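Each chain carries a letter (A, B and C) given by its place in the written order, and its residues are counted from 1.
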Amino acid sequence: MTDSSTNMRLKLPITCFILEIILIILFGVLVEYDEDTDAKKFNKHFNTSMEHSDAENDFYYRYPSFQDVHVMIFIGFGFLMTFLQRYGFSSVGFNFLIAAFSLQWATLMQGFFHGMHGGKIHIGVESMINADFCTGSVLISFGAVLGKTSPVQLMIMAMFEVTLFSVNEFILLSILGTRDAGGSMTIHTFGAYFGLMVTRILYRPNLHKSKHRNGSVYHSDLFAMIGTIYLWMFWPSFNSAVTEHGDAQHRTAMNTYYSLAACTLSSYAMSSLTAHDGKLDMVHIQNAALAGGVAVGTAGEMMLTPFGSMIVGFLAGIISVLGFKYLSPILEEKLKIQDTCGVHNLHGMPGILGAIVGAVTASLLQSLNPTNNNLTFYGREASYQGGIQAVSLAVTLGIALIGGLIVGFILKLPVFGAPHDTTCYEDSLYWEVPGEEAGHEEQLTAVKSEESDKLNS
Amino acid sequence: MTDSSTNMRLKLPITCFILEIILIILFGVLVEYDEDTDAKKFNKHFNTSMEHSDAENDFYYRYPSFQDVHVMIFIGFGFLMTFLQRYGFSSVGFNFLIAAFSLQWATLMQGFFHGMHGGKIHIGVESMINADFCTGSVLISFGAVLGKTSPVQLMIMAMFEVTLFSVNEFILLSILGTRDAGGSMTIHTFGAYFGLMVTRILYRPNLHKSKHRNGSVYHSDLFAMIGTIYLWMFWPSFNSAVTEHGDAQHRTAMNTYYSLAACTLSSYAMSSLTAHDGKLDMVHIQNAALAGGVAVGTAGEMMLTPFGSMIVGFLAGIISVLGFKYLSPILEEKLKIQDTCGVHNLHGMPGILGAIVGAVTASLLQSLNPTNNNLTFYGREASYQGGIQAVSLAVTLGIALIGGLIVGFILKLPVFGAPHDTTCYEDSLYWEVPGEEAGHEEQLTAVKSEESDKLNS
Amino acid sequence: MTDSSTNMRLKLPITCFILEIILIILFGVLVEYDEDTDAKKFNKHFNTSMEHSDAENDFYYRYPSFQDVHVMIFIGFGFLMTFLQRYGFSSVGFNFLIAAFSLQWATLMQGFFHGMHGGKIHIGVESMINADFCTGSVLISFGAVLGKTSPVQLMIMAMFEVTLFSVNEFILLSILGTRDAGGSMTIHTFGAYFGLMVTRILYRPNLHKSKHRNGSVYHSDLFAMIGTIYLWMFWPSFNSAVTEHGDAQHRTAMNTYYSLAACTLSSYAMSSLTAHDGKLDMVHIQNAALAGGVAVGTAGEMMLTPFGSMIVGFLAGIISVLGFKYLSPILEEKLKIQDTCGVHNLHGMPGILGAIVGAVTASLLQSLNPTNNNLTFYGREASYQGGIQAVSLAVTLGIALIGGLIVGFILKLPVFGAPHDTTCYEDSLYWEVPGEEAGHEEQLTAVKSEESDKLNS
């Protein structure tokens, strides 16, 4: 099933080796331990009270959240995409590859934009979380093009997307002073619209020839549920991972927990309501039930209250199912956007909802917002901050769409080995694929020989 | 395979929407951040020493445990029940739905019973853990009725069970002063006997018509092992999640770790010993190996010692396998209790064992018990506390059985859309189910056409 | 498929019961809570400042790492080995059994060697981590003999291996003063070469008769990826779990994170490059991508820098894939080493690489090494410490190989019920195995009756 154009024997190794060697060189030149990971600096920094220094290392505030985020990136995103019947190896495997690349590249890009220290990038657990966040954005875009791109295309896409993500993040967080701890804008909206534009540019008029593989089978849907449930469970850690220590981290996790719970109920309700026979659709459950996490990504750290979070999650679930049911087919037919995982419904629209909720919460709920510096937005008026949040959404959409446009055209270069329209959603193009279960083959053989016996008798 | 009575198109959406809207309204009226999640309160509370306040937020003591418990609830319980060959979607999916509902409802019920603050329920990470605990009890009952109930029945059951759970928990923990950190009584005994009584009331004389689906296939047993292993690994976090900070949390986790390890060896031994050909039975491994966690749910926080924990776990494994092998068939035949997952063997008997171990440990081992206030039982005599623990078991059994009786009759109302006796354990009643693996279908097609060719030649 | 010799009905229960009862007795005689788990000791120890004592309990520094390690042991190792098409029950199930036994036995052996306190072994979260580490070593050896040993053989192997592991660990850590926080030598090198020697002694000349089962099917490879990804994600916790609190734990986790990321890219590159059609091989992805974690097991806590870690990971991935592709077939043909999981490529060679990197880092990079006592190696000269590290590798290899030789011969005793050469890699020898999927059987039945109809017409 492989022809010369999709053979990766030279393309993939060369891409991986060159990129990794560049990464290693740049790390050697630019990267240093920060004061919490460097033995000399950490001891010096806390030389007054050795007794308490260890517990105050940022590691103990953030490492459990980091590991939860890490699980979301590698198990959550990876297995969520295994719903395709013949693309499980690629879903988990390419997710693994591009995430491992992206987190290294993101460390450099984010370090570069978010402030060098004497020409050096200082890293620790917070930069590891941010690198994973940026990686998450790339994986959202991967969801839009899933099954239709070669691993080399994905590596190239990741390289550009990490860069543009970091530019956008820098503009929002450092220049505009936007609040977006859980990344409704920087991660979800950016990743979704970037990926949607890429898949638009890569439009395949004859994709229907691979249609019979663009769906799930019974067990592939169960594997996908592993991804869904891990994303759902650890989303409170995701949204709270880089908020301020203390009450902010605590509050963000709790708001997200209730938003997701409410979202789950509205997703199930809508999935059943929109089916002519009332049967639940796994696509909705696997995706829409997560929209509540996306939608409180900006406002979760604010004094949104569980009440507010539940309303947001409730709406997010409804919007997401409606998107899968009615909007996605229109986007594909009219706008020629072939969105394999429906990232527009899980990350796109809920991301925009999250941005709007964040802007409204920042501007209207001043009395509810806490008094410490970070949450009064660095001394700004609440209404001004609300405006900033709205502007940030527009900036994010702009950079994502223009970036996706350019990167989409780059990915069309034939050298990257994209699959043909007839071989999309097919692992065997890029993987050694073993046979089906021995048991079945034996049964089939048994059937055959039994029938043959009858014929011969 | 759906007829009008089991069609969920209106029943499920209406149930979910009404319940969620009620929840949102009650959260808006009743729920507030506690002092560790509210920005103003947290800063005010610790205004003397800002430097140390963040690390003392309860979040850092409990959030890692919370996430482990969360994994047990959604992955552990959810996947444990995927062992059925055609009920994987419902096992994971209904587990997800009723858990998302229960944790919200439990927040309100537990908050209401465990003390309002000026008319308000104050919530934080500890209340989130307690809500997950209550949810666990509902999921245990779900295991007893698995495959024989519609999602609407499950939602109604969850609503009543959460309420009764909270009443029982209030009587034990707040009125009687019972110690039950890991919930041998409040969670496991309650959930098991409530569920057993519900399944007794819902007795199906013709369930044998669905018998061919009431069993596992090779891969469904592997999915179930994901659930088992996660429950097993994180049970130390479960039992220690709401104990006192410091040594109590540490000790409880360790006692549970050794109890489970001993339980695993006795479960394997008994599974092999009770099979005529010595072959291990997946049902035992998936369930009995966990009984050690249940059985130290009460005494785990006490000075039970690893030695004592291992004895308890060892016995729990033996009892549990014997239950699956010899007691469950009797319960089904004589008492008409159709217990799909065998919750009596994993949660029922080990829960009672745990309650008894707790009573004995509290009453006899005074010298082994620590001297701080909480573990000398608020200044009570050890023997008195032992009596209280025994009374608590009786109260729990009473409320569970009477509650299950009433709720069982409520669930018999035909409006809830229960499956027929011939369509139990079947996903396609409530879910859009995709076909089997493409590969097989292709092979089957190949077989067919090959045979046809022969016939035609 | 069972004959009398492999029937486990008496052998397995007797082994489990005797071992567990011995364990319980020894725990009763020898084991005590340490000062962080004992209520009286912990309160007494910190009686000066009650306010801070709880947060300083070692539990809060190490328990999240412990749980990550625990997941690696039970899910990571367990599911990694489910790649075999008909050995999933045994892979997860025997992994579960021997791990539950090993962690109890390791608690005693490590406690005995690492210092008794007044004739008692004191235990807490750090000893739990160390017990899990020792268990990991046994599971590595299990990977070498996977599919070719009975559960009783595995229990006997575990009993001896835990003992020898503890001897070797004692010589290295306590006598020589070796640094090996992540266990490149003590865990990986030891486990791999011990297991390789055992499988050499158990050489099966007619193993080709089971060859058709010694491979994966599509879904078994996806189950294995669950194991791989969990090992990969949590390896930073593994390597940092028992390092010093504070910057050391932080630095080790970070170094491991970057080493693994670099290793993933080189593994993918080499897998594609060494395939004639450029297709990726799941065996490489499942294993080689993890070698980067093994290879920084010794040097990860030192001031290796992310730059150095990435170089090490990069090389480890290359070596590991080359080992799978070219060395393993030679080892099997020439040296008669039948290494089912290829542990030589994942743990053996990368473990040696890690030991060498550790020795070099310790000896050459003095200026990069931190100034606190532990990392200047207890006041030793860096070059001297480098020599010690090299000697430690030799000691480890010696004990592993001689130990494996002796234990291999013990395991050859026919009483342990090893499978025949024709029944290796087969679950049904030791497990009740359910049929394949109902759906398929129904389809097959449908095919059959359809054909019969044609024949009869």
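Following the convention adopted for this analysis, a residue touches a chain if its C-beta (ideal position, glycine included) is under 8 Å from a C-beta of that chain, and two chains touch if they have at least 3 such contacts.
Predicted model, so just to flag it, every value in this text is computed and none were measured.
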Using the definition of touching given at the top, classify the network of chains in this structure as line, ring, star, complete or other. complete
Mind checking chain A against chain B and telling me if their interface is mostly the same residue numbers on each side, over half, or mostly different? different
Could you state the distance in Å from the CA-based centre of chain A to that of chain B? 31
Taking each residue of chain C in turn, which ones touch at least two of the other chains? 52, 55, 60, 64, 218-219, 226, 436-437, 439-440, 444, 447, 451, 455
Which of the residues in chain B end up touching chain A in this complex? 2, 7-13, 15-17, 19-20, 23-24, 27-28, 31-33, 36-43, 52-55, 57-60, 63-64, 67, 70-71, 74-75, 78-79, 82, 88-89, 92-93, 96-97, 100-101, 103-104, 123-125, 128, 151, 218-219, 223, 226, 428, 430-440, 443-444, 447, 450-451, 454-455
Which residues, counting only chain A, touch chain B once they are in their complex? 52, 55-56, 60-61, 64, 68, 85-86, 212-213, 215-219, 221-222, 225-226, 229-230, 232-234, 237, 245-251, 253-254, 257-258, 260-262, 264-266, 268-270, 272-273, 275-282, 285, 289, 303, 305-307, 310-311, 314, 369-372, 375, 436-437, 439-441, 444, 447-448, 451-452, 455
